[in-house]
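After this come two complexes, each holding chain A, first together with chain B and then together with chain C.
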Partner chain A sequence: MKLRQLFTLEGVNLELKAETKDDILKELIQLLDLDDKSETILFKTLKRRENLGSTGIGKGIAIPHCRSLVVNRLRLAYGRKPEGADFNSIDGEPVHNFFLIVAPPLEVSNQYLPVLGKIAQFAKDPDIPTHLQDISTPQEFLDLLEEKAP
Partner chain B sequence: MYPVDGLIFIGGALLLLAILSSTLSGKVGVPGLVLFLGIGMLAGEEGIGRIAFDNYPLAHAIGTVALVLILFDGGLQTGWRSFRAAWKPAVTLSTAGVLATAGLTGLAAAWLLDLPLLVGLLLGSIVGSTDAAAVFSILRGQGLHLKERIAATLEIESGSNDPMAVLLTLACVSMLIGDVEPGWSLVGFFVQQVVIGAAGGVAVGWAGVWISNRVSLTAVGLYPALVLGTGLLAYGLPAYLGGSGFLSVYLAGLVMGNARVAFKRGILLAHDGGAWIAQIVMFIMLGLLATPSRLVDVAVEGMLVAFALMFVARPLAVFVTLAPLRFSVRELTFLSWVGLKGAIPIILAIYPLVLGVPEGALLFNVVFFVVLLSALTQGWSIPPVAKWTGVWEALDRPDPPITLEINSVRHLDGDIVEYRVEPDAPAAGRMVRELAFPESALIAMIAREDEIVPPRGRTRIQSDDYVFVVMKSDVRPVVDRMFAPRPSAPSEPLTVLELPMDARTRVGDLEDFYGIHLDPDPERTLGELMSERLGDELEEGAEILAGEIRLAARRVAAGKVEMVGVEILLEE
Partner chain C sequence: MSGPSDTRGMDPQLMLLLELQDLRAQRKELAESEVAERMQEEHFHIDPADARSHLDEKITEIEQELHPRIRARYAQIVPMRDRVVVPVINGVCYGCFVSIPTATAGDRDSPAGVQSCEHCGCFIYILN
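Our next item is the complex of A and B:
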């Protein structure tokens, strides 16, 4: 399955408002359109994962991810913060591009890890950060995935 | 006026003169010890001071006390970090290396000076140890900075080789005066000295740590005094029981210097001062003791022995004993050349005199000459040799304009750490409030050139600032990273999907998060898993495979993994 098929227009926010790590996680969670209780649970789980080590993998990219019962299929969201935010990244750089990945604990197709790998592969392409900076609508983000993502 | 008044007057003047002269040491490339000796000789019977001093037993006593203070301070200032980086080459050099140097020099001396073999070996043992610490003062004066492994090797060697030289000297003297027979009796003597010395040093060191952390002293000034008492005990007790006091006092210093001791900075500072005074007093005294005209008499013999030592014995010893340890030829050449002689040989040269070895006077004068020659020629040529062999790195780092210290009587779980902001450090160019500082860390002060900048949220940190951070010990690695240069150039693409994780993460948590299987015991931490699987090979960059993931040790400190890189192996 291609990455393009896992994102929806609603799951893309090119102007994140939040400033802190916690608020950014919350804003990303909102893109998945869950109920309040699920949002709280998911936030706690993501936070627990971040506490073990930041998912800011460097070069301005973070891939917060976890498994959680609050979703029943693999869900992805993308958030962009043009001015960047501190995410305790491994290289200490501010993060501009956030890819949220949430998978159910049991997944029939077992796509979670491969998708995590595909996102990393997509994001590590040296041209991608510039492309992501230039897009102005969620549709352009999906088109970029269509064109560049594995 | 009492006689002691004059003594204090002269002592103070000489001490000040010596300290002021040490500022010249780095500039003229002459070890401070040569300058101190020179001052002593100038003040001596043939110099302008006309002070006649030839009381060898007193010189021996003062020299021994000075040596104890110097060795104790050497142990206190030696960090585990350099110890771990270079203990193999350093310990090899300070044991087998000293033995080989002493043996070869001894054979050469016996042949060149036509001495009995045992007397030759005694001479070799006396000059067998090196004072590499002098190397650092010279290099620092010239703004040269040695590569870490070389620097650590020299640092540990210079601290730990003196007990070996003392032992060899005592062994030779004991055989000469008939206390010990060559053969099993000699082996027994060695084993007894080393075992009692090592056990005594470690035991007294630990006891000192235990006591200083438990007693509540009324004045902070008593803490350095308490530690000093421990050091003297560490020498005296094993020496009294027939062990090596010098080995013991060095080890006791090593134990105490690396333990958490109340009021540690104050203690280290006090002892560093004590060691300096000991060095100066000792050298001035030795300068007084020497008679320059008699040194000229042994100039030819001294030069022959010195050349045999510098060009044959030390290089051979270094190249042969360090052969298995993967140094380059250039590095070995440098290590061979920096076998600088210092205080120890001159002190040791008093032993045969005091114990009544017939050739004592000759030995003393030859040793004195060898030390002077070695300190002068090798001391002067160290910077060019360091450059030529390429073992240095340029160091453009000025000292911070200020220092800040915590003097805590109780042990606190916190530190003030001073950072110099590297130009490409994550913190450089950012405002204080933009730094994602851990809760338990706070910037206390920023020093920029000659100014103090009070840190506010909007203060922008600049490269080359000195930033003083108050923090709890456990967040140190996180804060270190903010001020250190970035590990890789920002333009490089990411190579793998590697996620950094705290090594304290439980195996079970990782399994839950990724739905993978790693290890049968979910309660273990990733760090424990790596330590067990890697054993001795645990170092930064070491990797293990577990289930579907690869774990790499990304940050290792004190033998433990702190940060693990987790890479998920994806099937293609």
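Our next item is the complex of A and C:
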């Protein structure tokens, strides 16, 4: 499945307001439109994953991800913070682009790891940060995925 | 910011069980999937052995926070099932796929209102 098919317009926010790592995770989670208790659990799980080591992979990109019972299918969201935020990234630089990936503990289609790999690969394309910086609507984000992501 | 930090209305014991479930899923994946292990090393610079050890510590820590009766039941279920807590979606328990009336699901002896499926014994989490 192509990455484009896994994102929705509602799951894209090009103007994240949050300033701290925790609040950014919360704002990303809100893009998934879960109920409050599911959001709470998911936040804790993502935090636990971040405690293992930051998902900020460098070049202004972070990919917070986890498996959680609160979703019953693979869910993805994208958030952009043009001015960047400290996310304890591997390269120590501010992060501007956040790809959230959440999968249920057991998936019939087993897409979680391949999708995580595809996004990491997509993000490593040296042109992608500039393209992400230039988009101005959620639709353009989806179009970029269509064009650049396998 | 509201939302994820708002824990009102959620049973604290169920919340612990859900955390345990998610941590166990992460632990299992790191232990059993070479792809997951390689990906965490390559893209996120995580040492899988350290990560597993860290997750084990957290799992043990949270298990100690469970009510003794819930912990005892949890300990019974863990060796038998990958999933200790399962969702109930549209009235169907996803542990055994048997339809259970939400109103009657539960364990009268269970403290603090944590519910379980009377068919498979798993703790249940009702998804809207």
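Going forward, the second predicted complex is superposed on the first by the 150 of 150 C-alpha atoms of A that agree within 3 Å, B and C clash if a C-alpha of one lies under 4 Å from a C-alpha of the other, contacts with A are read in each partner's own complex, and residues count from 1 in each chain.
The working rule: a contact is a pair of C-beta atoms (placed from the backbone, for glycine too) under 8 Å apart; a residue touches a chain by one contact, two chains touch by 3 or more.
Since the model is a prediction, treat every value here as computed from it, not as a measurement.
**Student:** On chain A, do chain B and chain C fit together or clash when superposed?
**Tutor:** clash
**Student:** Pick one for A:D23: touches chain B only (first), chain C only (second), both, or neither.
**Tutor:** In the superposed model, A:D23 contacts chain C only, not chain B.
**Student:** Report for A:N72: first if it touches chain B alone, second if chain C alone, otherwise both or neither.
**Tutor:** Only chain C is touched by A:N72; chain B is not.
**Student:** Given the touch rule stated above, what does A:G92 touch, chain B (first), chain C (second), both, or neither?
**Tutor:** A:G92 sits against chain B, while chain C stays out of touch.
**Student:** Of the partners chain B and chain C, which touch A:K44 in the superposed model: first, second, both, neither?
**Tutor:** The answer is second: A:K44 touches chain C but not chain B.
**Student:** On the A-aligned overlay, A:D36 touches which partner chain: chain B = first, chain C = second, or both, or neither?
**Tutor:** Only chain C; A:D36 stays clear of chain B.
**Student:** Have a look at where A:P82 lands relative to chain B and chain C in the superposition and call it first, second, both or neither.
**Tutor:** Touch partners of A:P82: none, neither chain B nor chain C.
**Student:** Kindly point out the stretch of chain C, out of 37-45, 73-81, 91-99 or 109-117, that overlaps with chain B after superposition on chain A.
**Tutor:** After superposing on chain A, the stretch of chain C hitting chain B is 37-45.
**Student:** Can you give me the overlap between the chain B contact set and the chain C contact set on chain A?
**Tutor:** On chain A, the overlap between the chain B and chain C contacts is residues 48-49, 51-55, 57, 66-67, 90, 105, 113, 116-117, 120.
**Student:** Note which residues of chain B are touching chain A in the complex, please.
**Tutor:** 425-427, 434-436, 481-482, 486-488, 490-491, 493-495, 497-502, 505, 509-510, 512-516, 548, 563-564, 566, 568, 570-571
**Student:** Please give the residue numbers of chain A that touch chain B in the complex, ascending.
**Tutor:** Residue list for chain A touching chain B: 21, 48-49, 51-55, 57-59, 61, 66-67, 86-88, 90-94, 103, 105, 107, 110, 112-114, 116-117, 120-121, 123-126.
**Student:** For a test of understanding, state which residues of chain C touch chain A in their complex under the given definition.
**Tutor:** 1, 3-10, 15, 18-19, 21-23, 25-26, 29, 33, 35-36, 39, 43-46, 50-51, 54-55, 58, 82-83, 85-87, 89, 125, 127-128
**Student:** Can you check the complex and tell me which residues of chain A touch chain C?
**Tutor:** Going by the criterion above, the answer is residues 18, 23, 25-27, 29-30, 35-45, 48-49, 51-55, 57, 63, 66-70, 72, 90, 105-106, 113, 116-117, 120.
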